[in-house]
Amino acid sequence: MIVIMKLTATARDISNVIARVKMDGYEAHLSEGEAHTIIGLVGESPTPLREDHYSTMDGVDRVVRVSSPYKLASRNYHPNDTLVALNGSHAGSKQVLVIAGPCSVESREQTIEIAHAVKEAGATAMRGGAFKPRTSPYSFQGHGEKGLQWLAEAREQTGLPIVTEVMDPALVPMVCDYADVLQVGARNMQNFALLHAVGESQQTVLLKRGMANTMEDLLMSAEYILSHGNSRVMLCERGIRTFEKYTRNTFDVNAIPVLKARSHLPVIADPSHAVGYSEHVTAIALAAVAAGADGLIVEVHPCPAEAMSDGRQSLDYDGFRKMIDSVRLVAEAVGRTA
Amino acid sequence: MIVIMKLTATARDISNVIARVKMDGYEAHLSEGEAHTIIGLVGESPTPLREDHYSTMDGVDRVVRVSSPYKLASRNYHPNDTLVALNGSHAGSKQVLVIAGPCSVESREQTIEIAHAVKEAGATAMRGGAFKPRTSPYSFQGHGEKGLQWLAEAREQTGLPIVTEVMDPALVPMVCDYADVLQVGARNMQNFALLHAVGESQQTVLLKRGMANTMEDLLMSAEYILSHGNSRVMLCERGIRTFEKYTRNTFDVNAIPVLKARSHLPVIADPSHAVGYSEHVTAIALAAVAAGADGLIVEVHPCPAEAMSDGRQSLDYDGFRKMIDSVRLVAEAVGRTA
Amino acid sequence: MIVIMKLTATARDISNVIARVKMDGYEAHLSEGEAHTIIGLVGESPTPLREDHYSTMDGVDRVVRVSSPYKLASRNYHPNDTLVALNGSHAGSKQVLVIAGPCSVESREQTIEIAHAVKEAGATAMRGGAFKPRTSPYSFQGHGEKGLQWLAEAREQTGLPIVTEVMDPALVPMVCDYADVLQVGARNMQNFALLHAVGESQQTVLLKRGMANTMEDLLMSAEYILSHGNSRVMLCERGIRTFEKYTRNTFDVNAIPVLKARSHLPVIADPSHAVGYSEHVTAIALAAVAAGADGLIVEVHPCPAEAMSDGRQSLDYDGFRKMIDSVRLVAEAVGRTA
Amino acid sequence: MIVIMKLTATARDISNVIARVKMDGYEAHLSEGEAHTIIGLVGESPTPLREDHYSTMDGVDRVVRVSSPYKLASRNYHPNDTLVALNGSHAGSKQVLVIAGPCSVESREQTIEIAHAVKEAGATAMRGGAFKPRTSPYSFQGHGEKGLQWLAEAREQTGLPIVTEVMDPALVPMVCDYADVLQVGARNMQNFALLHAVGESQQTVLLKRGMANTMEDLLMSAEYILSHGNSRVMLCERGIRTFEKYTRNTFDVNAIPVLKARSHLPVIADPSHAVGYSEHVTAIALAAVAAGADGLIVEVHPCPAEAMSDGRQSLDYDGFRKMIDSVRLVAEAVGRTA
């Protein structure tokens, strides 16, 4: 940590900061610049450093953190890629995984039908929502446990592992009974009670970036899960909220190489939410793969116009098959498989 | 709902939309504009309208929703101000309420001391966090139930009602046992499991706007609570996330008059989080009151430099007293009291 | 245009709107919905419609524009791709163009050296700044006309057309004397005096999207240029400003397919500004090509550490050659060449 | 400037940075932290420091600037408030100035009529646009020099100084002939050719913050003007662009106290653009004054429904009179006059 003093800081202000540094068990390393005095904190101490303890002191201009606030999620401390197993494949390997399925599971028949269809088209795993986070209390909220049962049955028939969202910490054990991967949705990325529960569960987690969350926030939320000893975490970029109005979200494709550089965790892209219109989903899926994504999670519905949610961004079977074909070509162009 | 057809829509596309409208039980009202054909849906039907069912049809350019998606929270359906009782005062009345206290409760003694101090300075209620949403798993997470006990004791001694955050739906009953107002934090504004639980509790709720949430999102989250028959909801503007770097958040002061116009619920402002630096908190508190806020929630700590969280934005006792004095003058200037 | 009346609109409010519609020379088409009355404006009239004339009337809730505000830039009115000629190639064709060169031209020798290097690596055109928009008045502002002369000399030696920024309308004729493509920078995207001047010039224009501008704003700025009879316009996505801090900008890769769908103009991507760090430029360039970009504009410098501007995001020669190799593979994977 | 080395930096990387520091004429001050090595640059040198020269070096994690990049605009170097004279009053004094008038001047008669009306209501100066920056080339672009003549005539009759926008550097001398204050609009805040021209003019400047510009960007643009020896600069906060859809812009009221703390220049608020709806303009004007604004610039039109631009956010005469009355009360409550 570095403390930058104001131009107007007095000698007393400076000595107070130094005294505080010593009290916290660190050494103060003083640099007197042209204008600003700078105090570096060096050494080790059992006292964790709190930026506010210094930034609130008289004469302090600001405090600069030097180390990244995440450790377990950081590539600095874990240089090799983490591989997360999924259906005999691994997120983080050379293979680009494809997770596909409906926004919401709507019926037993349909769930099973879609599972067969996406499997045949080449999907690695199936997604489907049983508990749906809906902006409106009047919108369809999902079929709950019944939906999970349909998903489990689809897995039995197809062998596809199931990715599904969990929203309530109390329901984590129940969702674990049916699903292979717990999805933490964008709106819950900083629901710390939920992060704690999925961390404890030791189940694989797909952690979606929140609409207004920085990459650092995302890595800190991953850190919550990892700090419970659960290292099976896949990060997911699904678009952030900006002023742009022609698309549902703004897909932050930059996040793919940057997260891969800063963290060892695999990065999955969700082109469906990222752009919000089915006619553009494939272009964004290809962009994600070209940028280095380890996988895709895509909404697929046999008849998007009749979907109970997110129809506007869902691919139909034919669209999904074409997407997979294109994904394979781009994956190969960047030295991967799909 | 209005369906706007593309320039290139065919007669068949148009008749398909009309057929769908009839199937859903509405009447289709056709306007052939200079270029675009427009289809209005009129009448009543038990079938709820799903925008995606129309926006996914061939030849449709886009769908425009006419009615607001929130009803119970809307001033259209509830023209009079809702008054939320707090300690003999009412949020939404002529009086501007002041809720004050530490970010986190840190010890029994301190909690009680602060309660006395803010009461003496003129606070209506006390805030204090026992369960803290922290970006880092390594940061202080709050004292939990013990913290709630301290807050309850502070209430006993001072009579100040207690406002405290609840993060886990499972803990809502426990927090209700100790606190008067359940705070739903910005990061949990769309934690629908939590909204359900606080709605069910019938306890007063302070609902904070999320960092990337529109006013409409906020009103929809309020609708969740109201739809459980709990109408004791106070909205809270605490700043949104933007590109600006000199402040912690961007306080959306516009939200105060706009929310008051669109909804009957009281609007509280949180100048501490809104700007993030104690030296600017009073200016923002005054702006909020001038813009029509029904109350303020402010972080106060006897020694901000030693606070376990949010020290940089906390007022000390003297700063808080001065803020209240200024707030009173501005409140009077806009025809209110404080 | 559609006028949506408030729930509380009176019969008189409605008849006043209808009267206004007739006064403006249109027909009013009335739909009485369940709750809201809606008035569609149909027919043609020499009086242009102003939304504010209606939105300010008593009883009006809001006004919805039906037609896109841009015509010449719209694919609706010009379904075929516009091809913009550049060095025997065409932006908007199957070929992905590559424009490369330094942020600023720094000396005659260096300018010529870079031109040879990027040509050899496969660039279609050369970029280089002679007039630099710098946030600080104390930063290097470019070599001005001397820089243009160096660029012209580089073209003579290599045959590469020159892309360079113009910031002052008064300098458009001078820049036209030396350069092949006038770049309008992000900070000047709504500098309407400049748009007027480059439109008048009839020279090819590379129009960069502003940091806070929507795609619609970008198309409206293109419309300014097109409305002067200059149809040689290339749109450029270079990243928008968001809350994210790990990158310089947020590259809106969604804009590539969406702009291509809404407009017939070619879309170029600038991965250098889009991400801001050289180690990630290639990943973003590949994403852009996979998403359908018609070209790339990339910063290349023989020694980025010594560049007078934007060194942190510049590729060196070796990096640029590797980028081109990868771009070719991805271009082929999506059915194009580079 | 501080250079923070990566965890993986080698001894050679560190010595290369130190060598570079010496080459640039500074001293390198080394701190070896627990994990990261930090190198402070101290001393003075004629060589300006370029962050990129260091951030591009091997082993460097990032570079932290210590000093603010603006000097002339900074309160550090100019502790006292700058007073900008306007009609015998001073922006930056105890008095809150009110600049009022139409978005566009529409006719000679109307211009003069409005001038009398706003003067009578208590305005300090008149605003009115003769050159209008319009998103669409098909919108009314202003009456140009004729409009300036009407404004000059309005000044003759009322004594009110004239504030008007200039968009083209070439027109600065002409606008100076008629107007007292040159407005640089939000879209031109980083039009450096224009900043140069208005700096040279030595005329008073009202510099509006751009929609996507940070406060630091705004102060850097002010620095451009100040660096030409023109210190008569008023900063203007008029709202930034965010994801919020219920308002035209998001008024960053935080900017008022923060800019006042960091700079000595007066800060004017534009509540009309900030919120975009006339019914909320007064609330935002009051918020601005409560937060410490030195003045307001407000759109006023005799008949907003007939305005050629910005009718939806314009106050009528009665609304303006009421706003001024309320502004006076709030100004007094915060120890000022209006």
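Each chain gets a letter, A, B, C and D, in the order it is written, and its residues are counted from 1.
We take it that contacts are C-beta pairs under 8 Å (C-beta built on N, C-alpha and C of every residue); 3 or more make two chains touch, one makes a residue touch a chain.
What you see is a predicted model, and the numbers here were worked out from it, not measured in a lab.
Chains that count as touching both subunit A and subunit D, per the definition above, are B, C.
Farthest from subunit B in terms of Cα centroid separation is C. Interface repeat of A-D: among A-B, B-C or A-C, the matching pair is B-C, sharing over half of the residue-numbered contact pairs.
In whole angstrom, the spacing between the mean C-alpha positions of subunit C and subunit D is 26.
Work out the mean CA point of subunit B and of subunit D, and you get 31 Å between them. Listed for subunit C are residues 212, 240-243, each touching two or more other chains. Against subunit D, the residues of subunit B that register as touching in their complex are 212, 214-216, 239-240, 242-247, 250-258, 261-262, 274-275, 277, 279-280, 283-284, 286-292, 326, 329-330, 332-334.
Taken in their complex, subunit A has these residues touching subunit D: 2, 4, 7-8, 29, 31-36, 38, 40-44, 64, 66-67, 76, 241-243. The part of subunit A that touches subunit B in the complex is made up of residues 48, 50-53, 55-57, 69-70, 133-138, 141, 167-170, 187-188, 190-194, 210-212, 217, 220, 223-224, 227, 240-241, 278, 304-312.
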